[in-house]
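Per-chain residue numbering starts at 1, and chain names A, B, C and D are given in the order in which the chains are listed.
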Amino acid sequence: MKKIRVFVAGACGKMGQEVIRSILKEDDLLLVGASDTRHQGMDVGFVVGAPRVGVDITGPVESEILRSTQADVLVDFTNPQSVFKNSKIAIMSGVVPVVGTTGLDEAEIAEIQALVKKEKVGAFLAPNFSIGAILMMRFAKEVGKYFPNVDIIELHHDQKLDAPSGTALKTAEGILEVREPMVQGHPNEYEKIPGARGADIGGIHIHSVRLPGLIAHQEVLFGGLGQTLTIRHDAYSRETYMPGVMLSIRKSSDLTELVIGLDNFLD
Amino acid sequence: MKKIRVFVAGACGKMGQEVIRSILKEDDLLLVGASDTRHQGMDVGFVVGAPRVGVDITGPVESEILRSTQADVLVDFTNPQSVFKNSKIAIMSGVVPVVGTTGLDEAEIAEIQALVKKEKVGAFLAPNFSIGAILMMRFAKEVGKYFPNVDIIELHHDQKLDAPSGTALKTAEGILEVREPMVQGHPNEYEKIPGARGADIGGIHIHSVRLPGLIAHQEVLFGGLGQTLTIRHDAYSRETYMPGVMLSIRKSSDLTELVIGLDNFLD
Amino acid sequence: MKKIRVFVAGACGKMGQEVIRSILKEDDLLLVGASDTRHQGMDVGFVVGAPRVGVDITGPVESEILRSTQADVLVDFTNPQSVFKNSKIAIMSGVVPVVGTTGLDEAEIAEIQALVKKEKVGAFLAPNFSIGAILMMRFAKEVGKYFPNVDIIELHHDQKLDAPSGTALKTAEGILEVREPMVQGHPNEYEKIPGARGADIGGIHIHSVRLPGLIAHQEVLFGGLGQTLTIRHDAYSRETYMPGVMLSIRKSSDLTELVIGLDNFLD
Amino acid sequence: MKKIRVFVAGACGKMGQEVIRSILKEDDLLLVGASDTRHQGMDVGFVVGAPRVGVDITGPVESEILRSTQADVLVDFTNPQSVFKNSKIAIMSGVVPVVGTTGLDEAEIAEIQALVKKEKVGAFLAPNFSIGAILMMRFAKEVGKYFPNVDIIELHHDQKLDAPSGTALKTAEGILEVREPMVQGHPNEYEKIPGARGADIGGIHIHSVRLPGLIAHQEVLFGGLGQTLTIRHDAYSRETYMPGVMLSIRKSSDLTELVIGLDNFLD
């Protein structure tokens, strides 16, 4: 079996390290390069707390390095300042970028799209690599056809600044695409204390719980005649994202188009 | 064993009927009378869907009837217009009122208190007969000493008008009595959509879910270092209240003071 | 709009009554007949606690009655002794049977199948009319592809005799169709008390909780790296099944084949 | 304020490190010594990933070292081979041992008890330092008086070998102390697949879920007429135990008796 050759940009960040640890465990993936602004020249194993790997941390992503490593895929968990440039360099070097870094705007995505077409080299962008969360959103959209009444409860650690979470908003938007416009609850319902009924997005109520101890959890609660159907996802650590990243690497290695969203790689 | 003799006022209402059905199943309780504005003269069994009981529905609660039935306890699930008068008649007739009807104001309660002292006949008032809900509130108050961070999620059918529920408010108030004043969550947290963080009462956030299918549920969620502790009560039907009503009847039968709240009858 | 004409067999049973109450609320459905061994000759409204409907309860299902009512669909919630005969009569009368009664054996189903082909009149059989439970099983099967590790917890009232529930078994069987054969848990795990790890079906563990107060609930709990995904269905009353029955009536009214399972009528 | 002086034995183990990190954050506690078989002579800060602390790791716990550091408390998270000796040395040196290490047998505990009496120096032993778990068990025992029907579901990662968990067994034993002997469930209930109803301890059913992703969770589910009451504890990390260890240090610093169990230090 030919192994998929992977280059990781942002190798010393929390996600980058986790990705490298995961790649090292997979038989069909081969780590061929790693770059970061930190620890340049050191062996990757030192950075991720593993034995010597034989791959040194290099500086900025450049075409020459990518080509010399014969990488198939560039996994990018860098930062909003670097991701656009890195993605273009990858495509022009014949390497498929698998991008987890957020911060690409619409114009940049359009430019990547154009480059993909011109070079006939694919690219993959994902705002969320959690297979569990993606399935939750997919199912929620499916249930919404049969049980239009739904509340979303998302629960996070108390250091999270924004409420509701991006995943909760995206879940609600997905359901709103399939259900008929409607008002939930009794038309005369009222709040004795403002905010009790949560954030209202298109009639769907989202409730944001913030507590120490919690990590990242979401419950989508559908109600119908005499029953409820609940879909819940609990993420306990950064490892949550690894099966999604590994799947993306595999599915992207010979990609020739731009694909956005992990959902496309799930059957 | 001498049975406790019980008179039920509001016998044909939903709660009254349920109370009667429960009394008929208990070996140590004896139904001796039942009153209502409806179905007067009919056998109680007919009203509650049971075989003939031998007790007819009578009209307004009067001292003479109470005395003739030699009732020990008057269970009152009537309405705000009748409950005060009924309670006074009971006490003056030497019968302990067990009151589940809401609507007594402070002046009326004070008057009942005075009457209890004068007549040396007790009275029991309870806003909530659910033993499970009472225990939930008691435990919440206890946990609050160790885990001051708490969010409350209450979930009800979508015909409920007010949010948050009375039980959720009472739970929060109980916790606020024991925990030090504090702000929960990150000081810089913000709502992208108003209401996301729920109703704020003294820094505790309450979230009200309303969906068809749901009945009456509450979850009190405490967060601490690396852990959460959750207390949840699910009420599925009116039967929920019956063990609390039966317990109250037993504990009230020889009461000589005014007692408010089922909590006082739990060890 | 032409209304769908529905005949209900087993009209006075608990499910039959519920079905009739539901049909009476739907604009596109018309109750044209109702049969039962009880209350023959009485108006259906009396039986289900509604105002006069204008349809009397008749005796055994017969071709003549079905034809005279010009029924499109025969909903059967009778008993194992009647369901086979009723279904055949319906098909031969040009009426599509919608069967919720259990007890048809394989030979009988094959005979129905043959009759359907001969008469070119469809038939619909469903062991479960709960849309929520069907979706739960469908999703479970989908998740099993990505998260092969799964435990099932089913929770029912304590009057249920058998454990695990039929739905739990069916859920497990569905997952086993898609996941690779595997052993779950640590190879050296052991039970200090027998039964702790539940019932084992193909490596999936099923846990049956039985408690008063509970109704019918199931949780399918998938575990993966750093995360869990949970699908839970709570059924609180017989009403749970009505949306599924109504959907089946609509989808069956012009059916010309044999269809087994509500899943086929969900997109 | 005089700070409590703490010596940590087993400083380089997972729990020891966590305890040291916690002590360093507390204003009223002072780390005065740390011992381990590993890293002797190195600064404690190096071991726990913190800046220099000024306390070096020393070898075996000895009276001389304890006295020279003027420790008030010896926190012991060593191993079954060392804990008994360490505890005796501490008591004889006038230092209160706070023991989290398991493995003391009855004879050893009796000997510690005798030594405590003789020396008038206290000792504290705890099998579980999780305040949340202790409260869960306490509440469970309280609920058992009112709702005798209970099932316990405990959920752990799939590397756990034994089932049910020690906490589940202890929870059940606590409930059995307060409830009347009884059989739960229907007298005629049967298992279609053995184990479905879980482990039976005195009529209480315990269900052990094992899945990757899970950490350590337990749900105690009480059922009564028309309702359920649930107490759930989720432990997400080793940090869970720290508030209990810190509380124990504070409560033990001037202890003059033997105390067993964190429950004694909660109001």
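By our rule, a residue touches a chain if its C-beta (ideal position, glycine included) is under 8 Å from a C-beta of that chain, and two chains touch if they have at least 3 such contacts.
Listed by chain with UniProt protein names: A, B, C, D = 4-hydroxy-tetrahydrodipicolinate reductase.
All figures in this text were calculated on a predicted structure; none of them were measured in a lab.
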Q | Recurring contact interface, reference A-C, options A-D, B-D or A-B [over half identical by residue number] | A | B-D
**Q.** Contact-richer chain pair [B-C vs B-D]
**A.** B-D
Q. Where the CA atoms of chain C average out and where those of chain D average out, how many Å apart are those spots?
A. 48
(Q) Based only on mean CA positions, could you tell me how far chain B sits from chain C in angstrom? (A) 38
Q.
Quick check: how many Å separate the C-alpha centres of chain B and chain D?
A. 38
Q) For chain A, what residues touch not just one other chain but two or more? A) 213, 222, 224-228, 234, 236
Q: Enumerate the contact residues on chain B facing chain C in the complex.
A: 213, 215, 234, 236
(Q) Considering only the defined contacts, which chain B positions touch chain A in the complex? (A) 149-151, 153, 155, 158-164, 169, 184-186, 188-201, 205-214, 221-228
Q. Which residues of chain B touch chain D in the complex?
A. 130-132, 135-136, 139, 142-143, 145-147, 222, 224-243, 266-267
